[in-house]
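Look at the two complexes coming up: chain A is in both, with chain B in one and chain C in the other.
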Partner chain A sequence: MSQNRVAITGMGIISSIGNTIEENLHALLNSKKGVAPIVNINTRHKNKIKVGEVLQTNAELAKSLNLDKNNNYSRTALLGCIAAQQAVKHANIKDIEALKTGLISSTSVGGMDLTEKHFQNYNSESRRLINSHHAADSTEKIAALLGITDFTSTISTACSSAANAIILGARLIKSGQLDRVIVGGTDGLAKFTINGFKTLMILSDTDCTPFDANRKGLNLGEAAAYLVLESDAVVKQDNKTVLGYLAGYGNANDAFHQTASSENGEGAFLAMSKALKIAELNPIDINYINAHGTATPNNDLSEGKAIKRIYGDSVPDFSSTKAFTGHTLAAAGAIEAVYSILALQNDVMFPNLNFKTAIPELSMVPITEVTKKPLNYVLSNSFGFGGNCSTLIFSKGL
Partner chain B sequence: MKPCYINSAVSISAQDTLKDSIFLEHILSFEGKLARAIHPNYKLFISPIASRRMATGVKMGVAAAKKALELAKLETPDAIITGTGIGCIEDSEKFLNAILDNDEQYLTPTSFIQSTHNTVGAQIALTLKCKGYNVTYVQGAASFESAILDAQLMLHENEANTILVGGTDELGKFLINDIILAEEAEEHPILTPFGEGAHFFTLSSLKQNNSFCVLKGLKIFNKATTETIQTKVEAFLKENHLIPEDIDAIILGKNGDAFDILYQSLQDSIFKYTPQLHYKHLCGEFFTASAFGFWTATIIIKQQYIPDVLKLNSIDKSGYKNVLLYNQLKGQQHSFTLLSSC
Partner chain C sequence: MKTNLNIITFCRIKNHSISINGKEVIQKDSQLTFSEFAKLVYKEKAFAYPKFFKMDNLSKLGFLASEFLFEKADLDAHIKENIGIVLSNKSASLDTDRKYQETINDKANYFPSPAVFVYTLANIMIGEISIKHQIKGENAFFVSDKFNELLLEQYTVSLIQNKKSSHVLCGWIDVDKDKYDAFMYLVAKEGTQNYSKEIIKNIYTTN
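Let's turn to the complex of A and B:
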């Protein structure tokens, strides 16, 4: 085990299954899904899709952050601020700049929900809202809220974004560049993404069914989650409670197609292999896989094949939690990092909801009930458009 | 951090920087508020079939990346790291227009597929069949620097030996007009035009025959004021075992807005007797404009010559060993970059 370990000392989350860590865990343990018909966005696809939506309106979220009514916070920024604030509080950080502290956030949609409101129609509102379009805006707002003035960055690699933010954070800690870093991702639902995935014909009109032979596509979701990563030295010095460790990580490109995954899951296979190597683990050491499992025909088959390339017929227990939250795009890697840590802390695996029949080519059957089992290592996958594949491996906080 | 050697530098910008064999000799001026890029013959870099689907930024990015690899005689890098501030705004606008014009009906996926921020990095990987590490940074005016910082860390930690790094931004057709209107309503607006471009570089951990410059240090920070900026730059130089007098030229991201006082405070103090340069009047302001500054720094070090059009004062040095860049946008997304001869 490497000397410079990366400890997770705080987590924050807001998703369609809860506004806090406790609420998310409660929903996961009671198979309470957040996927439902859409409420906050007026789209003509209302009756044809189901989404994992955070039910508070922007005004309600803004109020909980004590923002002025005339704020220019996108939904992405609002969700991000709430989750990041929770994470810092959870890590019991009093003076954030007492240590070399950075922030690495991620988003795919950025402030598109605001741009949709004034695009093609420059008006008095535009001037206030226009600078919230670009992807770094939500990060700047989180940095301002947390009081971070040092290293701040944002990643956008589609649906693997937050996993890559976690990876960069870990590397900056391991190399001694930072003592502490808040990492994660945020994406609010917008007409832009709903219509985008709709045109790709990968949205399901029912609750999504990851790894099922008859899966019809994904449910979109919105969420934000952040983790506080701290170096071993900080943990010792401040006598911090360690929730878990980031033991390994891998990033590779499928280099196959802009949106589709390769048939043999090359990128996914490479990402998982690299992560195992960095963690200095054998595949058999992994006790549970939180799969990407979006429930699109393409992803689940490709990811399944990649897992089988590593494990053959002895695939470890696995499940996708996308049927709980929907696919939360850039945030997904952070959401599922939180769920992986919760799994390790509670020695429990969360169910892959809605599963009935195994994919014939794979014969892989996920965990379908809440299942207790001692867990030492959990592997989490996140793959995105552009062939971006990332894998994280978490270990128990001892 | 270990030094990172730079083996090629390519610029596609509003100046004819890809073709111009003499360093910023034939300067183009702009009418109006936009500084659109001078485009090469893309057929030389991209197949017509692939090119047809690509928006301006993707074409610029892929072409600049390929040229950078060609100059460095590198077939496939170990990693591809890119930065973009506004992302694929052309395709985003196309898709957004279609949603709004047709009330979410009759949409086709192409522009959505190509609208994600990582499209340039992905298309380069796809073209090269490069399965290595691949990340896209979107940190506004520090997007390119974030990509460079990641590359520096990878080389330092022996996670890669050769890396392709770049920054790309395109102007688009719609949102930019609103951005300009909003900017003009400011008390001290940006005075340079708004630009676009693609800048790519190949970096290696070992010195090669074609290495001509070395990245010594890089710092990204989110906030600074005229009171703190001087201390910050001195601390940065100290980390790199230098004092202000060691800097042979400072390249500033001045754009004429109210936040130029941050640059001015350094010009009037510790870098008063240092050659001071600017560049955004040549390439325009855009989120990865600082990559144009980075490109000029590498060429200055390579050619040991500063074109007059870059100069803010009349101080000359006998040689240009250490060049410092400072950039920020609206008082945020600050970066110091230190390049040296090798």
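Let's turn to the complex of A and C:
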């Protein structure tokens, strides 16, 4: 196993709780949530929803990337470029072409934010912007910014997208196809997403309350986060600092319903079991679970049941950080991967905000305060519509 | 490393006729629409899966082909659970996309339905087959101009060689308005009928 390890050597993040790794960690340690009334988007639902929003306009984000005023970068691409650039810098990569390097980026909304602005009055200007609509556009723009030419791929499997990007990257490293890969996800808020989730009737009008008996649904969020994964050989050769390792991963489907998760959490159970097997760990080795915990009635019950199927009544410490950031969809798996590494580096577990009452069927009580504890292994879940369930297991970078 | 693979069984549905391993098992009146044909077959076979009636035509066609195939192959549940699925067609979900579009074209007559919308993706058919047979293996859906025996072979061989699945359900399931064509086959190491891209192309062309 040791010669096949996948090391994490850099991370970058922009979310509603901070524009850098340090700002995100500071917010997590001080219970400073990013969920608030919406500012950047003029939606008719603005008084009925709360979101985790990055409080910079597209123009401000573009300026920080030194882009031309006439750029056609969607919000998804802008956030992605900022986070991916940070990750590469954090990994201290001087020459990206010195090694065989890939980029695997995920998104669910793509360039919809630009498209919907021009949907009702299509003109010659729209043509230029609509070229940014497709999901791969943000990936291509990030690859161009970083100078990555060997391999790029875009993954869109709803809310498990970024976890699946990380899994694909790890597999490419393990099989020797790539020496280094930047993996993660990005999703900007758009009316399309807000209206879509509103139609599904799973948006809460309050701050979301993961794993609470009286949870009313999720808060949407926007974010981007990327990890730099490198093979053990590269780590040795370049004497890299290792932030953590990706010890295991699993992806499974529910075979239950086109959109909903199964009631017994079959997909989640399978994903966690596969990840433990690949990591060669027993369930008891996991010290902390960063749960998917979206605060929808369906997810939290299903995920809780799946965790109980693995652990019985001895469930490890767990929490969902969705009440900090909102559910950032195709970025969620990556921002929670960053939070899992931060947990391992600092031996600390982050609180599950807004929790009051345990779900009666589960009697599971999450961590509700910042809690210090030695951590060796952190498990992170990301589950998507259609029962596309993924689990990542991270270990300390010794 | 060459792995010898076999075709366990194959099913063809076209021109209101259903055949298994080259032998016709059902033939219906050519005047029927596809929906009428599918309903008649469903009733005759007494499939007892009411969800069938919620499916779009593409999923119905895939469902019927897989029912006949699995009935013939008679696999254990533990084998079924890990089956890989690699399906393809030309028209993706266009047949249902059009129907959904009709529900949102006119602001005065605007009646979009989530129950239709969910079928505006071709791989939902794979989902329907997986749900019915509790299949949790890898799956992929490809859209190409015509039956691409090479692509299907590469994916099938890879799934079996990498031990992701012992059995792979492959094929071409296409529906576009009144035209439909289903060719589904099951590949595994076991069996006696040799599998190769040439053999499967030949079966597809001559059946």
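The rule is short, and it goes like this: the second predicted complex is superposed on the first by the 395 of 398 C-alpha atoms of A that agree within 3 Å, B and C clash if a C-alpha of one lies under 4 Å from a C-alpha of the other, contacts with A are read in each partner's own complex, and residues count from 1 in each chain.
The rule is simple: a contact is a pair of C-beta atoms (placed from the backbone, for glycine too) under 8 Å apart; a residue touches a chain by one contact, two chains touch by 3 or more.
The model shown is predicted, which means the values in this text are computed figures rather than measured ones.
Participant: Answer with clash or fit: chain B and chain C placed together on chain A by superposition.
Facilitator: Taken together on chain A, chain C would clash with chain B, as the superposition shows.
Participant: State whether A:Leu270 touches chain B only (first), chain C only (second), both chains, or neither.
Facilitator: Both partners, chain B and chain C.
Participant: Quick one: classify A:Ser340 as touching chain B (first), chain C (second), both or neither.
Facilitator: It touches nothing on chain B or chain C.
Participant: Considering only the touch criterion stated at the top, classify A:Thr321 as touching first (chain B), second (chain C), both, or neither.
Facilitator: Neither: A:Thr321 stays clear of chain B and chain C.
Participant: Let me test your reading of the model: by the given contact rule, A:His257 touches which partner, first (chain B), second (chain C), both or neither?
Facilitator: A:His257 sits against chain B and chain C alike.
Participant: Identify the partner contact of A:Ser138: answer first if only chain B is touched, second if only chain C is, both if each is, neither if none is.
Facilitator: neither
Participant: Applying the touch criterion given at the start, work out whether A:Ile130 contacts chain B, chain C, both or neither, answering first, second, both or neither.
Facilitator: first
Participant: When you line up both complexes on chain A, which piece of chain B, out of 77-85, 185-193, 221-229 or 257-265, runs into chain C?
Facilitator: With the two structures superposed, the offending stretch of chain B is 77-85.
Participant: Where on chain A do the contacts with chain B and the contacts with chain C coincide?
Facilitator: In chain A, residues 199, 252-253, 255-259, 270, 386 are touched by chain B and also by chain C.
Participant: Of all residues in chain B, which touch chain A in the complex?
Facilitator: 80, 85-87, 92-93, 95-97, 99-100, 103-105, 107-109, 112-119, 121-123, 125-126, 128-140, 142-143, 146, 149-150, 153, 156-157, 174-175, 177-179, 181-182, 185, 220-224, 287, 332-333
Participant: State the interface residues of chain A toward chain C in the complex, per the touch definition above.
Facilitator: 199, 252-253, 255-259, 270, 386
Participant: Can you list the chain C residues touching chain A in their complex?
Facilitator: Residues 114, 118, 124, 127, 130-131, 134-136.
Participant: Which of the residues in chain A come into contact with chain B in the complex?
Facilitator: Chain A residues touching chain B: 43-45, 103, 107-108, 110, 112, 115-116, 118-120, 122, 126-127, 130-131, 133-137, 139-140, 143, 148-158, 164, 168, 171-172, 174-175, 177, 191-192, 195-196, 198-200, 251-259, 266-267, 270, 384-388.
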